[in-house]
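Consider the two complexes below, in which chain A is the common component and chain B and chain C are the respective partners.
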Partner chain A sequence: MNFFSLFFPIIIYGLLFGLNYALISIGFTLVFGVSKILNLSYGALYMTTAYMIYFFAVMNNLPLIISILISIVITILIGLAIFYTILKFTVNPMIFMVTMLLFALLLQYIYSYLFGGQVGLIIPSLFPNVSIGLFGVSINLSLLASSLISLLLIFLVSFWIYKTSIGRRIRATAEDPEVSELLGINTKQIIIIVLSISILLVSIASILLVPTQEVTPTMWVDPFVIAFAVSIIGGLGKFEWAIPAAFIVSFAEVISQYLIPYNVSDIVAFIIVILFIVVFPNGLGGARIES
Partner chain B sequence: MSYSKNTKIVITVVIVVILVAAITLGAYYMQQSQTPTKKYILIGMPLPLNSPIGVNMLDSAQLAVNQINGNGGVTINGTHYYLKIISYDTEEADPSIPVSNGISAMTALITQDKVNFLIGGYRSDVVDAELPIAAQYHTIYITFGADPEISTFVAENYTAHKYIFNGFVNATNQGIQYGALPVYMLLAYKEGLLKQNITNFAILGEQAAWTKVDIGNGGTSSPLYKPFEEVGFNVTYINYFPLSPPGGSYDSLFSQLADLNTQAIYILAAGTETPLLVSNWDSFNWSADKATGGMKPILMGADVMAEMEGKTYDYFNATNGGCNGEFTFGWGPMLPINITNSSIPFYNEFYSNYSFNPIFEDGFVYSAIYYLTQAIEKAQNLSSNAVIPYLEQTNYSGPAGLIKFSSSHGLIINLKPVPSVPAVAMQWHKDGKLYLVWSSLNPLTFTNIQLPNGTVVPKITVIL
Partner chain C sequence: MNLNYFRSRSFILSILIIIATVIISYAINSPYFTLTILIADIFIIMSIGWDFSSGTTNYINFGISFFFGIGALFTGFFFYSFNLSIPFLIIQAFFFGFISGFLITIATLRVRGVFFTLLSLLLPLIGTDFILAFWTVLKMPTIGYYGLPSLSNSLQVSLIYISLFLIIIIILIYTLYSTHIGLILRGIGDDEEAMLAQGINTFWYKVLIFSISMGIVGIAGSLYALSTTFAGIDTFGLEFLLFPMVIAIFGGKGKILGAVPAGYVIIILSQYLQLYVGQFTLILFAAFAIILFLLFPNGISRWFK
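Entry: the complex of A and B
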């Protein structure tokens, strides 16, 4: 194995996977930024979109695009319903977050009941499942397309956050919600908008990534772990640092696969999170993790 | 006292009605008292029912139960018993589900449902966790894990653990027959099929208790490394594959294998992750890497999901047709094959009942119901302690082969003159169907092999 046989695959896969991880994670980070709450039902919303597409496109044979649009709307409604149902009963952040996790588990059992918990459910893809070669590296067109769409969405979200008036209000709310409120910013409205956008992003991630995998009741765990790891590494609520953090996770996973003889890629994200908590407890962006 | 004519008619009708009703009721109650209440032998089955694997296992057990009940059930000391299955879903086919589900299912079956015997189990780490519970409650548990530790558990304390029987071929014995297959198969490729010498093997195992026997710690220290090297193969890579691959894709793993000039991939997987692995194997652009010479490696091995063909779950669809060309190894009549006299009848009965093929465990589960019933009849007792001596003497010719237990309650596999429990291999073809291509009953002969170019070779015999 020569240098280039390692260099190109690591660079190409690290970049492609990192873009997808960034798409999965930025919504999670954004919500924490404005609400100071970790949306622990985030992975379950990723799963919701997948099951909805399965229901409409596969079980009821609706056209894929229509199924996708309906699934996104349903996922956003379910995500908002979970958030505001909990908010109606508690404002304690710890109880709030644990309840969100319980909702994720509830959705797991609901889908397991509704869809029989069967393995092997496949949803159709927008892109062909074929690969091309670049620098001697096989690149799946579906993976390439999802990465390019992720890149586009990251640019759009960045533009929205940094170049629009609503983006300024979001950043102000993230910086200091109380002062923002005093300045006349409707922070509740900002939270609804950011929450909807974050669910939209995770829905799109599901549409792009799940067709190459399977729809199962436990599929919510992997995207949740990635989003959580990226948020901790980037610094909680620091949207701009979520993107480099996503690349840290993806490159660490790919490099570990190539260079460590034992299979550790399932736990790499956890290891990096622990390392960051020990070495950079505030993450790359310097947000303080409160005790 | 005189009655009018009308009154007499009414009184007569009333008396007749009362008499008819009394006679009818009396006859009914007499019949009821003569009809004995059905008595049942309860068989508890902890199974991964969220997966087609567990559904298949339950179906094969139910098939045997229906046949036995249809023939009058079991007679113990003059009392007729019928068999009844109570099953719980352990979800264990999904590797991310903890073993605690299996433990809860076992405990509930024994303590709440009061089952007489237990048959089931699939994932080795789940089965390993269930064994002490069956032993603790002195309940026979015939299980189908492949971990050799099941027999070790019995051997290390026979008195306490004698309730455990391993009704399936353990990983060590599997390796003996599975190991021969790639040798013969690649000789067939070299001599007659491709005229190509295929030597570079990658071995991928799922992270599970049963694959530790073969994969070990990965690399050159792996138990499978030396046997493959000794028969002339060059093992380019041997390791576990991740359940959650980076980026949700196995492309980076296959990229490594391509760099290592891998010509054949041998997989060991019983979990639900292989459709993604196989789909990626199919879509990966092997020609992108010049080291392989553009050759897509031959994919073979024990891939349980790849045995599924039928209306409930179809692996060909699950992989989007990506499994075209994949070989999968297994046991028993998953397709019609004459292993014993009961193999083809079992296959036909199973298929006509369920409209899909049996999988590798099914012949063993079906047999377990029969040989357990035989042991109960011989013991004339429902106590596990009374049945065990007869179960230990099992000599049952079932659809998957001859079932006999060793002193540590593992299956005895005789290899000569022909394997008593033979391995079989099947291949997915481009028409979306599974074909039988090999069995260790006749190890030098291959039938219906589909070559990478899509051509099907009806028969080829390897000359050693």
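Entry: the complex of A and C
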């Protein structure tokens, strides 16, 4: 194995995974930007979409597209219900966070009880399960398609945030909610919109990525860790920095997969987060990482 | 040291409750009940360890199951690799819990509040991934160590040993709590800025307390492994975070001894519920924890006063 035989696989897989990681993470960081709340049930919502698709498309044989649409709506409703149930009782960020995590665990236990926790379930994919060759590297078509859709969605969200009137209001709310409210911006409405969009994004990520994995009650941990790692590295709430941060995580994981004999790719994201907190505590975007 | 703590009603009552559970378990003579009390004792040790650092300082540590897993897995590793006897297995669990707690708190205490909590949450996840990546290097027969020595062949004798451990840990924590260290800890929880303004270097106190707490949680992990004769990757599971935290909150955050009655009530309830509703217990438990956190974030002890 030499450097050149690894060059294309590392570049191609680093880019493809990076785009998917960016899609998973931008919703998480957007919500923090406007509400200053870390949505710890984020990974559980990713899992919810997957289980809903399994329920409608596999158990009840509904057409895949219909199943996907129903699953997205249910996931958004569950996400909003969790957020507003907690908000009704507390505004303490610590209690908010702990309860969000407890809701994630509650969903894990509910799905484990309803669908079984031992065997991974398979959900249908929108794309055929075939591989294509690119620069001598074999790539699953699902992964390639999900990466391209992620790229498109990242552009759309960027356009929405930076080039539309509502995007301007979102940025204003993220910058200073009190002043935004004084200027007539309905910040509560902005938070609902951003929260719904973030859940929509994580649902789409689930639809694109889960068919290449298995649906299990603990699957929520991985997307949560990725979103958290990318948000910390990019700087919490700094949407634009989430994208380079996603590539840092993806390239580090892919390089470790090729160069380290043990399967440490999952640990790499953690190590980068800890390194960033120790060496570069404000992240790439310069967000304050202290409360 | 303020000896009044040891004359307090809550201290005497807690010791009496622990002794009473052992006597009741002998009287009932049901292996399931004895096992339930034994598990409750282990969770109470964890809760007290957690509450001593997080409950008093308000630095909420979600990494408790990481240190529990460290205690359990190192017990397995040292038994398999060096055939250490049970007392040394328990001592090493405290040592490695303490050392890992020390190193991790030094790194993570750079951040406060929700970020400290989030970082601590990553620990059990790292632990799980680490074991999955290196289980062959750690000489694990499968992803875990089977056939560990048991504290005793008799479940009831094991319960006596674990109850004794619980009493010793309560006395040790109360001793620390009654010194100026305990006072500073409570001061950090009330107003850390004020403590800093008085020239107290809170950082090293926090590191010390978190290290001791995590050492205690490590002992709980070792006792769990020696009671079940198995130390597996499941010891990093979020259930081992959820139960002790809920017990501590239910008993009253920062109250230390509230965990004793709360632990018995919650574990006995959950173990017997499991007989009737099986896995649905976990759903009920998570729902109960959510209600508890939303309605009584500081515990229910003050409602009984």
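In this text, the second predicted complex is superposed on the first by the 288 of 291 C-alpha atoms of A that agree within 3 Å, B and C clash if a C-alpha of one lies under 4 Å from a C-alpha of the other, contacts with A are read in each partner's own complex, and residues count from 1 in each chain.
Everything that follows uses one rule, which is that contacts are C-beta pairs under 8 Å (C-beta built on N, C-alpha and C of every residue); 3 or more make two chains touch, one makes a residue touch a chain.
Just so it is clear, the model here is predicted, and its values are computed rather than measured.
Because the two structures share chain A, they can be overlaid on it, and in that overlay chain B clashes with chain C. Shared-chain residue A:Phe155: touches no atom of chain B or chain C. Legend: residue contacts after superposition of the two complexes on their common chain; A:Tyr84 is shown touching neither chain B nor chain C.
Within the superposed three-chain model, A:Val221 lies in touch with chain B and with chain C [touch as defined at top].
In the superposition on chain A, contact of A:Ser250 is made with chain B only, not with chain C. Look at A:Pro93: by the touch rule set out above, it reaches chain C but stays clear of chain B.
After overlaying the two complexes on the shared chain, residue contacts for A:Phe7 are found with neither chain B nor chain C. By the touch criterion defined above, A:Asp266 reaches both chain B and chain C.
Residue contacts after overlaying the shared chain place A:Phe103 against chain C, while chain B stays out of touching range. Shared interface residues of chain A (contacting chain B in one complex, chain C in the other): 112, 117, 221, 262-263, 266. By the touch rule above, chain B contacts chain A in their complex via residues 49-52, 89, 91, 93-94, 96-97, 207, 217-219, 239-249, 251-256, 258-260, 272, 275-276, 279-280, 282-291, 305, 308, 313, 315, 317-318, 320, 322. Chain C meets chain A in the complex at residues 58, 60, 62, 107-108, 110-115, 117-119, 121-122, 125-126, 129-130, 132-134, 137, 238, 242, 279-280, 282-283, 286-287, 289-290, 293-295, 297.
Only residues 38, 85-86, 89-90, 92-95, 97-99, 101-103, 105-106, 109-110, 112-113, 117, 221, 225, 228, 262-264, 266-267, 270, 273-274, 277-278, 281, 289-291 of chain A touch chain C when the two sit together in their complex. Of all residues in chain A, only 1, 5, 9, 13, 16-17, 20-21, 112, 116-120, 122, 129-134, 136-140, 143, 209, 212-214, 216-218, 221-222, 250, 253-254, 257-258, 261-263, 265-266, 268 touch chain B in the complex they form.
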